[in-house]
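Several structures are given next for inspection.
Both of the next two complexes hold subunit A, though its partner changes from subunit B to subunit C.
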Partner chain A sequence: MENEPPKIDLKRIIDSISGLPTLPVVITKVTKLMQNPKVSAAEIAQAISSDQALASKILKIVNSSFYGFPSRIKTITHAIVILGFNSIKATAMSASIFSSFSGEDKDSIFDMEGFWSHSIGVGAASKILAKRLKMKEVEEAFLAGLMHDLGKVILDQYMHKPFSRILDIVKTKKCLISEAEKIVLGGHTHADIGALLVQKWNLNPEFVAIIKDHNAPTSASDYFKITSVVHVADAFIRAMDIGNPGDDLIPKINPGAWNELNINPVSLPQIFKEISEEVKKTEIFFKMTAS
Partner chain B sequence: MPEITIDKARPGMFVTKQVENDKGMVLLPAGSVLNEALIARLTKWGVQSVVYRSDGEDAQSAGTESKPKVLDAEVTKRLEERFSPIIDDPVMKTVFEALKSFLENEDQE
Partner chain C sequence: MSNNKEFEQEIEFLKRTNKGLRYSLEEMSLFQHMAKGISAAKDESSIIGEFISIIKTYWDYKGFVCYDLDFKTLDFVPSYSGVIDSDFIYNNFDVNPSILTWILNEKQISTLPAKSSENSKLSLLLIPLATVTKLLGVLSVVIEADADDLLTMQTLEILNLAAGYVSTSMENSILYGDICNKNIHLEHMRAFTSDILESLNNGIITFNMEREITHINQNAVAMFGITEVNPVNQSYLDVLPPAIAELTHLLFEQTVKDGFVIDYQIDFELSGGIVLPYGVSTSLLRDESNKLLGMTLVARDMTASKELERLRSLDRLKDDFVSTVSHELRSPLATMKAYIDTLMNRVEADDIETRDMFLKTIETEANRLATLVENMLDIASIESGKISLELQYMHVNEIIESVAKLCQVQTVKHKIIIDIADNLPKINLDKDRMTQVMHNIVNNAIKYSPDGGDITIQVKEMKSAIYISVEDNGLGIKEDDLKQLFNKFFRVDSMKTSNIGGTGLGLAIVKKLVELHGGKINITSEYEKGSIFTVILPVQS
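For the complex of A and B:
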């Protein structure tokens, strides 16, 4: 039946999609501002405040039990001073991404709620693993984990027919969704689509690389360690049965990635415990952004 | 038979009607006795209410003996099933053992 995979120019397809979600202007502004090491909290706050909806979401989040601060934080400037630039940027980005994509799509054939549950889970697990490994890029790991499967949303919302075929193949062959995608998309997967999307958004090359390679991390990449974190986080969240990644399987963890993280097996049960708690906290965070 | 919302469920309650999720998957068979861990899990899974019979048992007796092995067995079974295609891989075996250990301890809290 499928002898030759169809020749597909994925980039052309993605480029031709009109109405692809863009990151809010404010995120691009903030990212640019933060490239200057001398930028002040007040400047960042001013940029964020230009988007009233986002600003009030951030304030709601920082005052919630997610952060657990004892006294009320009333201004964005104050929030930035307390949480730090990186944390606020990550909060703003997560809130924006989640809002852009969590809308109701009547034509959706995908379990969106399960998808977000899985993505939030991988974000939380990536954060815990990065912390444990004493990596600097804890917030980046969280964001990358959150975004790693965005390609699936693009497939669902903009490439309906191929996606429908993909889900059918998953059902009949009982395979990983990536395997089904390769058959229908000429060797490409949601990882490639997601990478193209965040590239269009002008995000750091780090995010592009992590999303592209999260199923098959490669030591040739500059971002091997953080990609391995998201790769392992993905396997853990699937194993813990959190959310719905589109299939019901647990993939084998890439041995190179596992060695790179060098986790002592004795500490694994405790790691699962921390992941479980972080996932609960993070879910609260997103319930607040949805409103 | 009395039905209560999940936030009013208490350890020791005897569940008389099987609890299903909205996909018809059995989350808890009829005849289970609730304990803290089960209530937490049902809440997490979005269960709104349970049909129960107050057995006159108090919270104390929902201890080790009446700890329902049934739900644990189902969770364990699903875990083993999902890991069976990859259990030959030493890394995945390690992950499996650790996850099992975590789930067993979580149950006891």
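For the complex of A and C:
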């Protein structure tokens, strides 16, 4: 019999990590501004433009094939009025998240490229599923999908020792990474770590819940639908063999979540086709952000 | 202190947000009210009209152009417009068909700023018009406002919602139009089918499973003499005449069991006393999911086909007749010719004995020929329905007694005994024809009892019928021959009967004549013991 796993205060550990990635101030500012429904495009543009690097990345993205707008968009204001407030906010956020974590880490023991491929895939798939379900939160679904496994990066970059044990267990036991995490982290998983991180970033409680419960969507009572979207998108992307989530397995889809999405199995091939097209578009998006 | 300043800024920010939220709430409820107008609008132009009136409440409205997507060329064609035209839009904004296509494909509301700085106060709202299933076009609205300040999150939200209402209403209006068109089409189809049904010579009635009439054509009304003005939706029991209602009930049972009934024959008496033969066929009605809907009944007036059938059988009769008769006529003629030839060429003029013998034979054959011709004419006129009886209300005794007397004269070997019951009722008889019948039967009894014996004619009444039986102790008839006895030209073929003359038509005529009287003829016979021929004639009440 194995020893009783050690009790671990995850929050204390995360709090104690120095140099934990932060979101740029501008994102916090934009998020805050957008709480006011009367905020104008010009005001948001002004806020974004205070971070010139981010502003130019956004302009690159809105003029890329990711949006495919047939005419040149010259200013952030135009980008906002042409593409909408939420699109630009999501673009700004995902560009920021990606650059916060994409720094070279010599100590990394994780296939980071595979990890981002998986994350981009789940973001794109969540977007497609949310669109199909005619949900309002299409951009939120994309962001949540993109961020759902951020906890794994924290493990890789700031908790080397436990993470290498986790990866060993995955290799020997051929189990899901979250099962290995529970053994090593006293019942905790990367989902809990990711949730703590976005909580620290002051993101919407929605994102905290989705990231925390993306493996068990029935726990996300208030955000059950959008959490189910990310949960199913995760399984789809694993099934489609896009990227590397840290293990080779496809977790069982939660029946409650599956029922909530009400997907007709007949339309699955079409959904998979749409997802793989969206994944391609989104990969271009990240190439632009990194350059 | 800077902390203090930050705090003030934060308060200022929260105040603004709060105010924004409050306004937003008011605007949303105003919008909800106006959106009802879009929902209530029935056609594209009034839907767009309602949408424009919402735009007017939020911005300084300049005009609009609606671009419809042409599905064949994929071009955008200006359709409705208000105040401004398409040129105005193309002159003032960097808009092109690919932008319109993008708007429509992405279903994204967008705003374009004016092309040149002198018109910088103008903005172009582009709203995709698309239903769940169809891309319709793009509505472009010009407003007087700086694009940068034009769209707040709130207004974008409202535009999005309004565009959603527009799409739904468009979908509804298209569906409404489709339904109207389908109704018109259905109405055409209904009239078309009804015309076909009416133009048929057959009577057609359809029933549902509750046995109510769901459709009936004019021919059926006429054929069944239906007097009900509105037979549809009524039970067949209330509409159809009793005989047909009874038939319908029967056919319903059988059709549900077997799936169909073909040409059920019924003679239907119309109100004028005219009786018409109908052939009634039925089949089941089912919907596309094979669910039973009811039954269709087709009634055909068979008068014409019956007449045709009668003519055909006459034709057949004539052919049979010619082929059989020519043979029957040829043999006596051949005999006569042979005798006459011999008489003329071989018999000496003074050989009177031989001449007399030859002439007697020729006379017999001539008589036989005459009888044959007479019989054939008889049977021909009976079969073609040309004969009519001259009925008189009389006792059958008279006929029996005269026939017995006549036949007794022809024979000494036989004794004809008559046994007639008392108080027999009178019946309708054609005296000559019934005499012919009885003479034939009694004569046969004599012919086929070559050794003589009693021939008993018994007459009695039983079960409202007169039974006349003629019994002999003659040769009797084999069972196989009994069946064919009444066929034309059938003759019992045996050594014993070969010398007995006859045309083979006598009994055929007898049977037809008895049947014309509404009667029947029976035979019981025992080979080599004798036969009993019984004529049964109905007593009219």
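Just so it is clear, the second predicted complex is superposed on the first by the 287 of 291 C-alpha atoms of A that agree within 3 Å, B and C clash if a C-alpha of one lies under 4 Å from a C-alpha of the other, contacts with A are read in each partner's own complex, and residues count from 1 in each chain.
In this section, a residue touches a chain if its C-beta (ideal position, glycine included) is under 8 Å from a C-beta of that chain, and two chains touch if they have at least 3 such contacts.
Just so we're clear, the structure is a prediction, and the values are computed from it rather than from any experiment.
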Quick check on the superposition: with subunit A as the shared anchor, is it clash or fit for subunit B versus subunit C? fit
Now for A:F85: first (subunit B), second (subunit C), both, or neither, which partner does it touch? second
Let me test your reading of the model: by the given contact rule, A:G19 touches which partner, first (subunit B), second (subunit C), both or neither? neither
Is A:A235 contacted by the first partner subunit B, the second partner subunit C, both or neither? first
Superposition-derived angle with apex at the Cα centre of subunit A and sides reaching subunit B and subunit C, degrees in steps of 10: 60
Identify the partner contact of A:V39: answer first if only subunit B is touched, second if only subunit C is, both if each is, neither if none is. second
Overlay on chain A, subunit C to subunit B nearest C-alpha distance, Å: 23
If you lay the two complexes on top of each other, which residues of subunit A touch subunit B in one and subunit C in the other? none
Within their complex, state which residues of subunit A touch subunit C. 32, 34-42, 45, 68-71, 77-78, 80-85
Taking the complex as given, what residues does subunit B use to touch subunit A? 78-79, 82-83, 85-86, 89, 91-92, 94-99, 101-102, 105-106
Subunit A contacts subunit B in the complex at 235-236, 239-241, 248-253, 255, 258, 265, 268-269, 271-273, 276
Over in the complex, which subunit C residues touch subunit A? Could you list them? 13, 16-17, 19-21, 23-24, 94, 96, 98-99, 101-102, 108-113, 147-154, 156-157
